[in-house]
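What follows is subunit A paired twice: with subunit B in the first complex and subunit C in the second.
Right, the complex of A and B next:
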């Protein structure tokens, strides 16, 4: 009886994780694509030095930071994947979203300053260990770079 | 070098594939549960094959004491003595019936058997590790002759002599260890019970084959003891008379295929023909006897 109850809880969590996680993911991807389109003009590069024409531009550090939680469904899939190895597809989309969202937030900061470009883009990724003992964790992605703003602005 | 006009459009589906997440889940879940079922079957079969070769002395040292596990008040000492006397004489008769071609004395030395009467209010009987056999007081209400009670006792003696407790315990432990090692400790909870609790050892669950085997041997023991198997179906008949009673449901839950077993016993009675009269229960075990 107790085992049945635990199974019921497990499947409820799984279904909730799947429904809400899937909904959140597709909404997030939609918003990411829209904002990427809006901020496409603000060039982001990973080269370390400003291009020759921008040597006298003002430089400021801009950062974009995002924390995304894993849903229960992804954790279960990852747990199963753990046993046999292979691509962890469910986490790949999670990190893909986090990185793109972090760049977008960094671009938004740069846009507020009136920057023309962001160079020297770097990423930091860390795990937020909060509940990770139970298998539910969240991931933090930080994107940072140097915004180049025209000296007259 | 001049700046590009804008950031490139990132093609979708390269860094994160657009596969449906349920697809991955279903493939993984099906594959892994299939492998686990196969593993459990193989381990269970191994335990079954190994069980007859585990020395009885090992079983004795691994056995928890039934008294510790079945927390109940002490039953009436007179009744307990009478039960032990009946059990021991059945045990002596059982030594005349070989176990799979082997002498029962070598399989499970009779001096290690312990019989107890426990004060529990649902009718049941158990055999567990270390040749410990318990009958609940409530069971006595459901038999009307010594033969009926003897069938229950012989059945439990047969379980021990067929090494069912060590097989069931071995299977349970091996499977739980394997699952805990593979899936982590939480799975042990999910599948019910942990290794440390004694519950698993007290109420070892015997499967359908084990119960039928034990019944066949029990009938042989009764033939050796009384010369006939009359009255062997008493307990089952009495219990099954009211198929909706809580006692029967409880019993059916811990003993699989009760219907099939009753058929087996009745068939044996039919084949043997009407035997001699059944023997009355020893006075101390009669249900209406006022408890001292």
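Right, the complex of A and C next:
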């Protein structure tokens, strides 16, 4: 009886994770694509020196960070994947979303200053263990760089 | 105080090099928020409270770093880098470090 109950809880969590996680992910991807389209004019580079023509621009440090959590379904799928090896698609999309979101937030901050470009972009990723000691709970991604603003602005 | 993560700042010249400065914070969110985060691990999605927390601690780390730089007579910190490590469940350390320098504007 007890085993049955545990099984029921497991499947409920799995279904909840699948439903809500799916929906959250597709909504997030939609918003990411829209905002990326809007901010396309703001070039992000990872070179350390300002491109020619922007050598006398003002510099400001801008940052963007985001903490994204996995859902239960993804955790289970990744756990199964671990047995056979290979690409962990469920975690790949999670990190991809987090990175793109962090860049977008950084770009938004730069856009507020009226910047034309962001150079020397660096990423920093860390794991937030949360309650579960094994497996990833949530990931934090930080993107930071130097925004170049025209001196007359 | 000028904080930048590039080494060569346009229109500025480094006149004095003062060495490495750093600032760090260790923070944790209260248990209620941790429980909420536990639920989020089932449904997925962004953890707004943690995003905010980490942003605040990063600002704090940068503030401490610039305080240290000011104390040794610098007016800028260049080549700033961030680093994060989880030291215990629910608590993380945020470190900001950079090179303290004195810069002067180059007339052009």
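Just so it is clear, the second predicted complex is superposed on the first by the 150 of 153 C-alpha atoms of A that agree within 3 Å, B and C clash if a C-alpha of one lies under 4 Å from a C-alpha of the other, contacts with A are read in each partner's own complex, and residues count from 1 in each chain.
Keep in mind that, in the parts below, a residue touches a chain if its C-beta (ideal position, glycine included) is under 8 Å from a C-beta of that chain, and two chains touch if they have at least 3 such contacts.
All figures in this text were calculated on a predicted structure; none of them were measured in a lab.
J.: Judging by the criteria at the top, classify the pair subunit B and subunit C on subunit A as clash or fit.
T.: After superposition on subunit A, which the two structures share, subunit B sits beside subunit C with no clash.
J.: Answer with first, second, both or neither: which of subunit B and subunit C does A:68 touch in the superposed model?
T.: Only subunit C; A:68 stays clear of subunit B.
J.: Could you say whether A:128 touches subunit B, subunit C, both of them, or neither, answering first, second, both or neither?
T.: Once the two structures are laid over each other on A, A:128 reaches subunit C alone.
J.: Thinking of the overlay built on chain A, is A:93 touched by subunit B (first), by subunit C (second), by both, or by neither?
T.: After superposition on chain A, A:93 lies in contact with subunit B alone.
J.: In the overlay, work out which of subunit B or subunit C sits against more residues of subunit A.
T.: After superposing on chain A, more of subunit A is contacted by C.
J.: Please work out whether A:7 is in contact with subunit B alone, subunit C alone, both, or neither, and reply first, second, both or neither.
T.: A:7: touches subunit B, not subunit C.
J.: When the two structures are overlaid on chain A, which partner does A:114 contact: first (subunit B), second (subunit C), both, or neither?
T.: neither
J.: For A:83, is the partner it touches subunit B (first), subunit C (second), both, or none of the two (neither)?
T.: first
J.: Tell me, in angstrom, the smallest C-alpha to C-alpha distance between subunit B and subunit C in the overlaid model?
T.: 14
J.: Just to be sure I follow: which residues of subunit A are touched by subunit B in one complex and then by subunit C in the other one?
T.: Residues common to the subunit A contacts of subunit C and of subunit B are 54, 74, listed in rising order.
J.: Touching subunit B in the complex: which residues of subunit A?
T.: Listed in rising order, the residues of subunit A that touch subunit B are 2-3, 6-7, 10, 18, 22, 36, 39-45, 51-54, 73-74, 76-77, 80-81, 83-84, 87, 89-90, 92-93, 95-97, 100, 116-117.
J.: Within their complex, state which residues of subunit B touch subunit A.
T.: 1-7, 9-10, 15-17, 19, 21-22, 24-25, 28-29, 31-32, 182, 189-192
J.: Residue numbers of subunit A touching subunit C in their complex, please.
T.: Interface residues on subunit A, with respect to subunit C: 13, 16-17, 20-21, 24-25, 28, 48-50, 54-61, 63, 65-72, 74-75, 101, 119-120, 122, 124, 126-133, 137-138, 140, 142, 144-146, 148.
J.: Where on subunit C is subunit A touching in the complex?
T.: 2-11, 34, 37-38, 40-47, 50-51, 54-55, 58, 80-86, 89-90, 92, 108
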